[in-house]
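Look at the two complexes coming up: chain A is in both, with chain B in one and chain C in the other.
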Partner chain A sequence: MSARSSTRRLTRRRFVAGTSAAAVAVAGFPAILRAQGGPIKIGLLHPVTGPISFSGLQCRAGAELAVEAVNAAGGIKSLGGRKLEAVLGDAESKPDVGVAQVEKMNEAGVAAIVGPFASGIALATTQAAAKHGIAHVVDVGVVDQIVERGLANTFRFGPGLKSIVDTALSNLVKINDGAGKPAKTVMLVHEDSAFGSGMAKTLNERLPALGFQVLETIPHATPTRDFTNIALKIKAANPDLVIPSNYNNEYILLARTMRQQGVRPKAIYSILGGGANLKFIKESPDDAAYIIDCNHWFDNRNAEAKALRQKTEAKGLFITYEVMLAHECVRLVADAIERAKSTDRAAIVKALAESTWAGHFMPYGPTKFVNGQNQGARPVNLQVLDKDFKVVFPPDVAEAKPVFPMPRT
Partner chain B sequence: MRTLAGIALFGLVMLPLPALLASQVWLNFLVMTLFFALLGIAWNVVGGYGGQFSFGHAAFFGTGAYCAAVLQAQLGLAAWLGFALAPVAGGAVAGVVGFLSFRYGLRGSYFALVTLAFAEVLRILANSAGFTGGGSGLLIKLAPGAANLQFADRSGFYYLVLALVIAGLLLSLWIERSRFGSYLVAVRENEDAARALGVDAFAIKLRAIVLSGAIAGVAGAVYAQMFLYVDPGLAFGPTMSVEALLVPIVGGMGTVFGPVLGSLALHLLSEAGRSVLGQAPGLNLALYGVLLVIMVLFLPDGLVGLLRRVRRRFLRGRADA
Partner chain C sequence: MSQLPIVVPSVLNGLTTGAIYALVALGLTLIYGVLHIINFAHGSLLMLAMFGVFFLHKLAGLDPYLALLVVPPACFVAGYALQRGVIARASHGKDHNILLVTLGIAIAIENVAIYFWRSDTRTLDLSYAFDTVNLGVALVALPRVVAFAGALVVAGGLWLFMARTDLGRAIRAVAKERQGARVVGIDVEHVFAMSFAIGTACVGVAACLLMPTFYVTPQVGHSFVLIAFTVVVLGGMGSFPGALAGGLIIGVTESLCGLFLGESLGQIGIFAIFIAILLLRPSGLLGHRA
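Take a look at the complex of A and B:
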């Protein structure tokens, strides 16, 4: 009996000792590691499952490649070469899950967060990150309100929607004028949720003042699989320009159906066209030919941009603007940490606010943030030429001249 | 009496948790668990006690969310007013849906389809109407402070949702004990028999759906205040309708604690999936789905039913000994 009770006492003691050791291991070691210069954690928060998972996965791939690139180049030099470590989070295409992931990243001790592709999620995650003072660099979300709410921690490297639409319309006028104003009439085809209807509303307000007559605005649901009626309507109205504002599948199906029905306007000109990507171009080069899209894109001539394209393709992925922007946002954060010489969140926010980073491959010039928005950020016009995406406007970064109007054959 | 004590105990256990929990992750987890429990309590009133399976509770949830958002973002009114009017709006939409469905004797899958259709109609209307912000949705101005029903600290929302869940539990308890609840259960069990005994099935079902819609409306307003953004897909999309019915089905339909247990189980499951398989996109959701199928297959009366069976066996075991 006494032997048994002594074993029990011993077990309990061992248990207490074991638990204490575990507690020290859990609570103590990370602190020691941090003090000794372990990796710097960066939260990469994207919707990698759910309806927008394609874009989320592309963003994640770009961001991870950037982490690898920064580490391969020697890490954060001002902190003794400390490496970056990605803390991955899946927002599951839902704002509430995005917020839960921000809370997790906060407790994981991230220095900054890059993400989350979608505007609806960004509105929630930037707010959640602000509570903890974590710098949140928005990679893609274009809704202007993201940077208009006075959140000091929120930065957007790419352009916002207003700036994109302004540039796209100004470029359209210049391209049209340059070709002798062949386009006068427009038809808008848009999906009926936030992105498409917002864009259609803006275009309906702005195009008449620029000398374009909007013949008709056709909304459609997402998903829509049969565009025959819409293509026939376009054929009947015979507009000079068709401006689609929809997501990947609908964009591609519309272009394909228009070609099948023999609808050949002078141009298909999209702004942030959902399906205007290399996957579409490679899979259906004839359907995609000559489409013009005003979108985020890197400077195709830049050596680092070319390298990223190769690395992305080596992974079996297509290079898309999501890869580019997420990649550069991580490098922007790395540059801020480098200058902050610290992983202190407030110091990183300050360094981002003062950022004048020119080492990126986007056609923006050095970064300059005003209320969190990078002032130099701008989209470019791309056109599907020779089965590839070529930058055709503005001239300072163009690698080819726009083919406008497109050949009628 | 035992259930009332259970609710009191639940409140006592939950009340100090924000102070005890150092982790904001777990606090956020609890807030979302309580939030979906509230939505489940709403569904449970008409689906659990009344046996009217709604597939479109997003219609009432979304109405509440838009009520809060439109009043603040478009009309510049106080957040608390939006919050107070959300149950009225949710209840009113539920009243219309209920009146039209029950008046024409829609039951079972027909009722489910009609509710689903109403949510879709509202989603399309919200997509096209100007005052709802169309497809772009509505953004509520960020202005932290209890006066604006925005809490800088997550615990503010925790106490708000906890209070609402406790009120919902008390309401469920009242339904179980009241004459109204007995009529509602009678309609669920055999509507024709209940009518033969003089129960006005139409009025009872209508009252239940209005009550349910009002609670879902409150949940909508809470969601709008938490994330300060509402769009047609978030508010009226099928996700919320599915969450609303899944929680009480897993927890135990027509029971007071079913929605709370269901919400806790589902969120723990989903969180465990994320923690274990979080790095592989989608695998956690697949695991979640498999476990859900297993739960629904083997626990037809939900977790509350399982607990009852375990308790019965335990008591029988003690009696045998």
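Take a look at the complex of A and C:
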């Protein structure tokens, strides 16, 4: 009996202690935070594990550098210098996990979300964010549908697939014409989810009208660890151009297997080539040599772009388009919050829709969103030359002339 | 035959993949032959071995081929301990219990792996991964040639071991007639555990031969174990030559189906064969009729 009553006393004491702690937590801390103008939470949602984790991690690194940069520059000035705070989420390379992360971020009280690299995930996460009225800036996901569903909260800073393909094809025709039209036949190799399949469908519709014959279209899964069969098929069909549309690991493996099997087309011309990046170029320069990729890239001449490259490399990472786009998407959100003078989600959405931000380092011009799509966004053509990634087209931003067709070594 | 220049390399490529399938299937068929159970944990053990090879290279700088000196013996010990310490105890002498225990072990291992290593796809970057051997008709990747040779050596060694050693004879005796073997003084529990250990060592070898060209994720065992089941059924449950032949047939089938039907559909042929075998020759190519 006495034992039981002692337990009761302890429980009561704990209860009182617990309640007062809770009271401090509820009443005390928010007051302190308000006085300091506590940090503004920004959700950074990326696939940092799973088959596309390389790109996800690059995005996250760029976005985190941008948060640091905004904070180092004095935070959000219109809100008394309030700082940004990253709320990190891992979409695990799966749309359903991405949606779960949006729900978590909503609970955490984020003002906006930047992410989630892959189109397949973006289709799901933008919709989930729309339910809570959270502004969702898509950093890379290029599928056109993302901004075509009338979701008022969804914005894309970079170009969409249709505009990228338009630019890439018109650049291809110009480069080919400039070299005396050596390329006539094409083979497409694509991964079989939303991005690769969408690209292959569009290319199959568009290439014949531009004078290119599509010999074959080969889909493959992500991950795929053996491209020997595909390389053999390419060897047998002997196309002038090979256009791969896949993510990092498969892109690199395909390029390396093609070289291994002695497949040398006139050019490997990728559109948003997942593996066309400095990591690949530094690790296997011979396999990467002369690959042309039409992709997102910053204006190399911009001082802030150069600074970001240095900061990224100082972290032991390679500078890639993922770093650039995620970085600028966070700064776009910061600019919107600055103008909204509020962390109210609707006000941020409105500020993004009216955005005319020119302070970025992409070759786009000031932002102008129509139905969530930034109108000035465009890709550029890069080529692996001298073990580096050089902008070769269009001429207004080019550092070097394209080498086309590539030398057969 | 304009297709010939690509069919020959594709067949060779399939043979090298098939040798690895055979190696995984050899372990499975040994365990089946002796313990009369399908070891569902086989794929998870392969995955663990592959992670072992991966981390030995990443952390200790050990070449996957040198890991052959470490990983298969470790697998052998782990397999022995697993059979004696967990499976035998939990099964209470009933075969259908063993089936469920191995399934439980598989689920546990996989989820622990996901917890520690996430679902990342990891690959080794080795200087020789893209070297080729010119066979005249085709360029075959060097690690694949090594894997093919390694698998044949292990299969041959295993066959010799079963045919010539006392333990091999004991294993065959237990497989044929458990009670009889016990009566003549064979330590049946020890033989069970040795079979499990050797079967697990086989996946250890497979892991070392695979890592130079393959990736590892906590789910990587699934694809192999499913194919290994097919190989075992195709070759005849418990038959070593059957597993070897079955593995090579399945490897070539997958490669050719991938070539002609598309990469995403490469496995259709495997399961078509599986169904055909079950319908037409349920005992397998080299299996004994029940």
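Rule of thumb we're sticking to: the second predicted complex is superposed on the first by the 375 of 409 C-alpha atoms of A that agree within 3 Å, B and C clash if a C-alpha of one lies under 4 Å from a C-alpha of the other, contacts with A are read in each partner's own complex, and residues count from 1 in each chain.
Heads up, the rule we're going with is that a contact is a pair of C-beta atoms (placed from the backbone, for glycine too) under 8 Å apart; a residue touches a chain by one contact, two chains touch by 3 or more.
These numbers were taken from a predicted model, which means no experiment stands behind them.
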Chain B versus chain C as contact partner of A:K282, first or second or both or neither: neither
First (chain B), second (chain C), both or neither touched by A:D192: both
Partner chain in contact with A:S53 - chain B first, chain C second, else both or neither: both
Contacts of A:K104 with chain B and chain C, given as first, second, both or neither: first
Partner chain in contact with A:K315 - chain B first, chain C second, else both or neither: neither
Partner chain(s) touched by A:Q145 [first = chain B, second = chain C, both, neither]: first
Chain B and chain C footprints on chain A, overlapping residues: 49, 53, 92, 192, 219
Chain B to chain A touching residues, read off their complex: 23-25, 27-29, 32, 124, 127-128, 134-137, 139, 141-142, 152-154, 223, 226-229, 231-234, 239, 274, 278-279, 281-282, 284-285
Sites on chain A touched by chain B in the complex: 48-49, 53, 57, 88-90, 92, 94-96, 99-100, 103-104, 106-107, 120, 123-124, 127, 131-132, 143, 145, 149-151, 192-198, 201, 219
Residues on chain A engaged by chain C in the complex (per definition of touch): 49-51, 53, 92-93, 192, 218-221, 223-226, 228-230, 232-233, 235-236, 249, 256-257, 259-262, 283, 287
Chain C residues touching chain A - in the complex, by the definition given at the top: 2-3, 5-6, 9-10, 13, 17, 118-121, 123, 125, 130, 132, 139, 141, 213-215, 217, 255, 258-259, 262-264, 266
